[in-house]
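In what comes next, chain A is part of two complexes: it sits with chain B in the first one and with chain C in the second one.
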Partner chain A sequence: MLAKYVARRFFASIVVVLGVTLITLVLMDRTRGTYVPGIDLNPALRPEDIARLRADLGLDRPFYLWYLTWIWGVVHGDFGRSMIDGSTVMSHILDRLPNTLELTGTAIIIGIIVSVPLGVIGALRRGSKTDHSLTVVSVAGFAVPQFWMGLMLILIFSVTLEQHGLPWLPSSGAFSAFAGGDILDRIQHLALPATVLSFFYMSTWSRFIRSSMLEVLSQDYIRTARAKGMSERRVVYLHGLRNALIPLITLIGLELPGLVSGGLVVEVVFGWPGIGKLAFERALQYDYTTVMGVTFFATLLVIAGNLLADLLYGVLDPRIRYG
Partner chain B sequence: MIGPSRVAELDMPAAGIETGAARPAQSYWNESWERLRANRIGIAAGLLIVLFALIAIMAPLFSFALTHYQPQTINLDETFIRPGLRHLLGTDELGRDTLTRLIWGARVSLGVAFLTVAMSLSVGTTVGMVAGYYGGWTDDVLMRLVDTVLAIPAIFLFILMSILFRPNAFTLAAIVASVGWGSVARLVRGEVLSVKQRDFILATRSIGARDARLMVRHLLPNVLPVLIVAASLGVGQIILIEAALDFLGLGIQPPTPSWGNMLTNAQSYFFRSGFLVAFPGLTIFVTVLASNIFGNAVRDAFDPRLKS
Partner chain C sequence: MTQPLLEVQDLHTVFSTKDGLVKAVDGVSFELNPGETLGIVGESGCGKSVTALSIMRLQRPGRIVGGKVMFKGQDMTRISEYEMREIRGREIAMIFQDPMTSLNPVYRVGWQVAEPTRLHHGWDAKRALASAVNMLGRVGIPSAAARARDYPHQFSGGMRQRVMIAMGLTTTPQVLIADEPTTALDVTIQAQILDLLRHVNREFGTATILITHNLGVVAGMCQRLMVMYAGKIVEAGPTADVFANPKHPYTWSLLRSIPRLDAERHEPLKPIEGLPPNLVDLPNGCAFHPRCVFRVERCQRDVPSLLQVGDTQRAACWVTQAGTELKGA
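Let's look at the complex of A and B:
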């Protein structure tokens, strides 16, 4: 049953992956001939040189051939080469990936650590003042533009503190070139962007855990546990929370691709040398192959994350049947 | 079953048999409206959005009568002025009046948001309804397309598309809607799948109604509540997305002011004026907050099943 389900999901995923390549490539095809950075409009090149260089890049090939070449490469782990510096897109991705994972991973961990207790408190004291203020904060959390929150934090914790001669937090980059990037230095650089990013997770997940917890606590087996004289603490944490956290796994699984793409705006605001910033900068420079490679890479993660979340959910909650 | 299903019962062609207590026509809409009206905070938030929209529409009037400045008038003698009587919210690096630019920016930001919602809803509803109604391979193909569109991290798709089509307000809305229609289609398809099993659809078909008529006259009214909820919950998110794209320089291009692109260069003015950073963001925050609160109120009123 499970094997069959996995096989079917896997097959569906492949269809989606192929669809994604087609969409991105059709989009790229609209541009691939139009402007090539460094070659077109370069006064040092004669028209015949331009034609030869464009042919080298495969720009004169018909679309289907170009598409097949690209697919063939991707199957072999080759995402093509950057149109600007000629190094492989994969090397760019691998170069930036650790930074992005450091930022988003920290944010997700902070998000979980803060949102689980907040959600439980909200559920246990439903309708209380604490619950209401948590709701207000989380509703506000949905409405704050991430980039603006980043700007305000920089304004307060970097600019204003520095102006008053107080210790301040760095506002840009993953480490400072002069300090050499020891662990303390990295944490200082991480503080502001990770706060912005985790704030969003906190407002989403604490609400989610609250409602999940409320639902679990209304179940029969909780009443049974209470009826047989189990202490409230054990009921809440052993039986309640453990089951309430199951749906969170799906949510976090769905957030896995966010590990790569979720921080794009934050990375740009904080000059964080991650994958999102890479895609953004390269897009502005018309480096299509890099943008496409990164997009496709991120999409693969989305599909893998969804699949993983689905399967984990079934492992953790045996009531789930794969039909 | 409460909520949308009642529409179905009312929609039944006069069969001559009254099952249970007869309800006056329109009762579902009346009840929803009553529930919405009872939600004071929700109504206040909705009125705030209406107010902002009115201000946006009457931007030239405000320029003329209240602020006395045009959004693109440069005055290099009055750069980085603090908020005061001459410039209520101060001026920017080119001496342009911030309040005036915020008011004109509302035109762009709110206009694009409403346009995006309209586009996502019309495309998504059409696709979802066709997929749900016809089923079979039509459904498979359309839904795999939706899966595909939704699998690509939206922000990358936006970036890719906005370098392709240098956006104006219309193309920007189209770009954001090119992802937004997917979730609407899923939602509508789900509703259609359940509604089309009901007897009244069979009855309508048996008296000779064609597919198009069934979809427009009988299915559409039944998915309307879901659409209303999706629309009112969507506006806030779309304002946020659009502001982020403008901020990144991928959306509305200067000198046309939008709430997002007013912050594009914010980082270079930190040492000159914190107000320049604070005001546009606060405006976005308040607007999105109001949209979300109103959206939640609408959801609770129109679809009590979903009440959290």
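Let's look at the complex of A and C:
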């Protein structure tokens, strides 16, 4: 049953992948004009050289032929080479992916660890000063743009602290070139971008947990649990929280594509060498192959995230059956 | 005369709403004797459920603002929350109206039924589960050992109510409060659940408070009966006597409104005219007087108290307390 369900989801996702990559290509192709990635800036090139390079990259053909060639490569595990620097797209992605996973993984974990208790506290003390303060903070979390918050943190924790001769945090990159992968050095680099990214997750999720918990606590089975003589702690955490967390799984599952894209702004602001920054830079340069490769992986992650969320749902909620 | 098991004295429970204070329970007094089944009857919103919840101190967001609930020599409205938890589910168990939503959907039924003994008797999981399975079998769940591993959504409504009853009985409580236990069930299943409650009452000697709006249920189950209206008890007495000779016009009207099988065909139903009162803004005097066919001038002025009327009954009514019989109209 489950295998059949996963198989059906798999076939549905092929359609999604094709659609998303095709749209990405069309968007790039329609806006590119006569630009040739990476080489237009060289004044020494003669028109016939440009035409030859265009032909080499396959850009003289209609986009659908280019697309079919690309798909053919992907099916055979070949994502091609970057149009800018000639190294393989796969090596670019594998190079950047660990950094992105490090950043967003940290942010998601911090987000969960912080938002669940905050949400529960908000629900249990509804209408109190604590609850109102939490509301204000999380609305700020939605409202403040990530790039602005990033710049402010850089201003405070990197610039101002350094000016006053205090210990400061690095504002850019994932590690110092001379530190040689020192773990403390990586954590210092991670601190600011992970804070910005997790702040957004915290804001969304703590609101969500709060309302989900409020709804659960008004359910009849919570009254039953109280009538059985259980402590308030047991009622809230054993009988309430598990029910309240079920819908959060979907939300987090939907956040998994953020592993690639959600952190894009943060990666750009903090110069974090991740997938999002890669896609951003290469899209500006019309590096077709790299952008298509990243898009492909991002789409796969979205699909995998959704599927994972659905499967986790079944683990947490016995009422869910796959068929 | 045996000592009452549970004694409610002048209980007041209020709810603050944006329209004003609602006196959901307004001076209710009664006692429950060991092993008996007491019925509390009334229409929706008359305060019968809140009375039950107040006994368990689960009336939130309402507040108990007066009165006592005496159980085993202590006033349950005064004891600490910790002491209260020791009573809930151990000495006094409660089952609710809607068995579809009263069980936690994410835990196995056996686990939920075993929870009270694990908690109150400190039994380990294995022993508690064995006793839960045994109890599930005793309340009539077939192949209980296998069913204990199922989740609530795999049970029918009637079976879930059996589970709720089993959950209440694992700790062999002295009092079982059943709040509309059959209202959400099909008629045939209702009869089965009532049979089970009767059986439980006999076999375990559990005193039962049965809350219902169904007079038929009370007739078949309860030795004594209380009728509530607008947060007050308006009539109390042995079920047979109240049915044969109601001493409050509200009870009288309720009984008269039941369609009879031996009546003339096409005879119109006899509803109680008017609507239940607005609890924020009760009428002066007796709360029932605007709908009462027997009312006299005094009913609009003074609130009657619950006094002896006849040999076995008590009623809160100026008319019957003055000796008038309720007839005709």
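Here is the rule we go by: the second predicted complex is superposed on the first by the 284 of 323 C-alpha atoms of A that agree within 3 Å, B and C clash if a C-alpha of one lies under 4 Å from a C-alpha of the other, contacts with A are read in each partner's own complex, and residues count from 1 in each chain.
One rule holds in what follows: a residue touches a chain if its C-beta (ideal position, glycine included) is under 8 Å from a C-beta of that chain, and two chains touch if they have at least 3 such contacts.
Values in this document were obtained by computation on a predicted structure and should not be read as measured data.
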{"item": "Room on chain A for both chain B and chain C (clash or fit)", "value": "fit"}
{"item": "First, second, both or neither for A:His239, with chain B first and chain C second", "value": "second"}
{"item": "Which of chain B and chain C A:Thr224 touches, first, second, both or neither", "value": "second"}
{"item": "Between chain B and chain C, more extensive residue contact with chain A", "value": "B"}
{"item": "Touching partner for A:Ile154 - first (chain B), second (chain C), both, neither", "value": "first"}
{"item": "Touched partner set for A:Leu316, first chain B, second chain C, both or neither", "value": "second"}
{"item": "Touched partner set for A:Ile23, first chain B, second chain C, both or neither", "value": "first"}
{"item": "Superposition-derived minimum Cα distance between chain C and chain B (Å)", "value": "15"}
{"item": "Complex interface listing, chain A residues touching chain B", "value": "12, 15-16, 19-20, 23-24, 27-28, 30-31, 139-140, 142-149, 151-152, 154-155, 159-160, 163, 207, 211, 257, 260-261, 264-265, 268-269, 276, 279-280, 283-284, 286, 291-292, 294-295, 298-299, 302-303, 306"}
{"item": "Residue ranges of chain A in contact with chain C within the complex", "value": "219-221, 223-231, 234, 239, 242-243, 246, 316-319"}
{"item": "In the complex, chain C residues that touch chain A", "value": "56, 58, 85-90, 93-94, 96, 98, 101-108, 115-116, 119-120, 151, 153, 164, 167"}
{"item": "Touch list for chain B against partner chain A, complex", "value": "144-145, 147-149, 151-153, 155-157, 159-161, 163-164, 236, 240, 243-244, 247-250, 260, 263, 266-267, 270-271, 274, 277-278, 280-281, 284-285, 288-289, 292-293, 296, 308"}
